[in-house]
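Two complexes, one shared chain (subunit A), two partners (subunit B, subunit C).
What follows is the complex of A and B.
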């Protein structure tokens, strides 16, 4: 933690960055995102195992971008988000500096190549509990699975905390908010909820970095991250390509290759 | 003047039974999948005695989606309109926190401000609240900063406060409350004099709501709102768990033959909330949306409707994915008269 603070201090004092996006103490034992802009506030930074939220969601927010060059305290999923955002042309290398927390040590990563190298050394398997749940869901019959999700999504109030917390949900105008034509029912009834979560999962297929922040964000505890995890896993299996692995990858779901293994597409 | 009774713990089950027998549905805070929900209560053991439900009980009188009317296209310019009558099943909210009981008033002043909302009113008329005084609170609670307290009977039809020796004092506040007592007279024993109740939860006042309202008058252009809202991600979790947030969206769902008009919860925290058809957005920045949330509840409500648009339950703070703690933010606003 001291290493992070002294690094942040140095960067802000030298004017190398204008803001350090990091974690601070929140309500009770919570950690909350903080935006350190002066050397005096560096002491507010906290790094511990409770810092799990993926802060990359702030990298595309206009209010944060206008602050100037950003340093971001990055857990491995944050690093993957940076690469995915870069691949989607949402970040400029010169505007961002990652302060990677890997195995408790702080590493300053200034280029996408450096981030890619660091990410390649970190295992990116989902947590055991999530894998178990996906296996359980996969083993279910279609009607069992439908009943499971109808129950879970029945609690959804469409607050969009999942969408707002997701670093990859950066669209200025989301399909959900489009009313001419209205593709998806706005209201939080059974169909509206189901269509929203299905569309979001499909849109994250091949782009999800498996941080799980959407699931943590859900106030009513719907494991929405399992939907995007499953979609991501499917793309990995089918196309051998991981969301957030590189800043240079084309998006698997919108790329045609002449040697595609499916014959119908050729 | 309210009437006071004692009710032994063993008789609470009988009361719940009698309520159900009378055809009322009985809802209350219960643990479902590890979180507290307002849902069907069968026995007193179901009722969670401490802690707040994630989502408020507001949906009982103002559901997250409700149909207002239906229409059918009958050829040419003929459109048949079908009014929808409100589904207002007689309901008892049992074991609600006193702050949530007070929240219905903040909904009422909006739904009866100019036009009288028949859906809300039909449901409200059929809803009776038996609240339970809080003997525990957490860091997000701030009822005492708003001139209330954890054992405030205001808004409840009956308020139960636990006795040290077991059982409860039942303070019957309204006619609706009396009607419930009449259904299970045997459970209630008249009380005169003092009762040895469990002390209510200690909730230290973090600010004074009147003082805050005065400070807000001069802080509209303060830099505070941008500072506080930097971490806000602009979702609607705060508004959708809130017992007093009343904003709604009207949506038509139609095909070429028929359609329906729906009312659905909405949130001022979302960018699209004030987006004009022209593309202009008067609240284009998250700081403007956050300021609106604070001002609506703590300046505009008291000015225009004579009541606060908040009861200090803290549900928004607990539900926020980025830990926007309303109590802390309001205390900061009440303190910083000169910032910005």
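What follows is the complex of A and C.
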């Protein structure tokens, strides 16, 4: 896409940004993240429908931050991640410039307010296939669901690709790595896998922007994104707020309303 | 003949209301089933969601979680935070296939000794009827494919 390339070239040549985080050619038809630091390398940028990974993951990495102001090629879910990171005080407005790809056009968004406006115009429902799968699972009996997840999570090798690919998993010290006390079993056995994925989903409830990058990253094809999607959905349904909708939202799980309505506490 | 199944119940309770309530049950000489192991925590806000899973994987057949009624928290808002967490975690447990009939949530104040006895009896009877929770207890022994 020439519009994006010329924009990136202009920004890098003028020194407005020090790095452009974008997509480049990967193996076969895959796209991989690239970090363009000079105007000469702008030609490596690729934008097409295969660019689905949420690049916001790299915005919180120390080695990229030290480069200076970052521009990022952003699909709608990346924009939502930026807002959620901003809401969690992980990004400064002056350090980031979003090159949003919305409906095939490139838009330069320099402020969180502008991103918020742009995001509001894009539908944020999860994909039809994912919604169908969640509906199918919720319609099952509890023992069928247990069997389903036992089968799926039985393949998990605890590579933590889901955690690494997620823009919201930016903690430098993750509870998964804590071994004194050992809160989550490290070994890839059924219990450790269940607990790991449960904790991951709980920690993303109210923060997940439903990009699905965790599910794509899984090397053994476990639909791990359904867990975080479900946790996010239950927060939306019960507390009426969406992860990544605004840079000014409080985290749903660290606030409360005195009139939160539940039906199960006796 | 083998002994009939007696469930192991774990109760996570807050120091200020439910623990005192359970104390009142005792001082009022109200009898209730002795299957429950009470774990006292400072506040319901301290009851991490993973404690429920830990209880199951260490051999519990049922879990009771109880604290101060809304508005009565010793720390003003711990139980409100806990309630939000349970509202999400309970849904997630269900989605991942944990049997919710084994997890009982309640508010028991320091004055509700009788309610505590009733709660424990109810929860224990439910779990006794369901049988041992081997599905989750034995997970640690199950390897990967």
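In the analysis below, the second predicted complex is superposed on the first by the 257 of 266 C-alpha atoms of A that agree within 3 Å, B and C clash if a C-alpha of one lies under 4 Å from a C-alpha of the other, contacts with A are read in each partner's own complex, and residues count from 1 in each chain.
To be clear about the criterion, contacts are C-beta pairs under 8 Å (C-beta built on N, C-alpha and C of every residue); 3 or more make two chains touch, one makes a residue touch a chain.
Treat the numbers as computed from the prediction; the structure is a model and nothing was measured.
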First (subunit B), second (subunit C), both or neither touched by A:127: neither
First, second, both or neither for A:216, with subunit B first and subunit C second: first
First (subunit B), second (subunit C), both or neither touched by A:160: first
Touched subunit A residues, subunit B compared with subunit C: C
Partner chain in contact with A:68 - subunit B first, subunit C second, else both or neither: neither
Which superposed partner A:202 touches (first subunit B, second subunit C, both, neither): second
Contacts of A:104 with subunit B and subunit C, given as first, second, both or neither: neither
Partner chain(s) touched by A:149 [first = subunit B, second = subunit C, both, neither]: second
Which superposed partner A:189 touches (first subunit B, second subunit C, both, neither): both
Overlap of subunit C and subunit B interfaces on subunit A (superposed complexes): 155, 157, 185, 188-189, 192
Subunit C contact footprint on subunit A (complex, rising order): 137-138, 142-150, 154-157, 183-185, 188-195, 197-199, 201-202, 205-206, 227, 230-231, 234-235, 238-239, 252-258, 260, 262, 264-266
Partner subunit A, residues of subunit C touching it in the complex: 49-50, 53, 57, 70-71, 77, 80-81, 83-100, 104-107, 119, 135-136, 139-145
Footprint of subunit B on subunit A - complex, ascending: 26-28, 30-35, 53, 57-58, 61-64, 155, 157-161, 163-165, 177, 185-189, 192, 213, 216-217, 219-221
Residue ranges of subunit B touching subunit A (in the complex, touch as defined): 33-35, 37, 54-55, 64-65, 138-140, 226, 229-231, 233-237, 239-241, 249, 251, 253, 262, 264-265, 267, 270, 272, 285-287, 317-319, 321-323, 325, 328
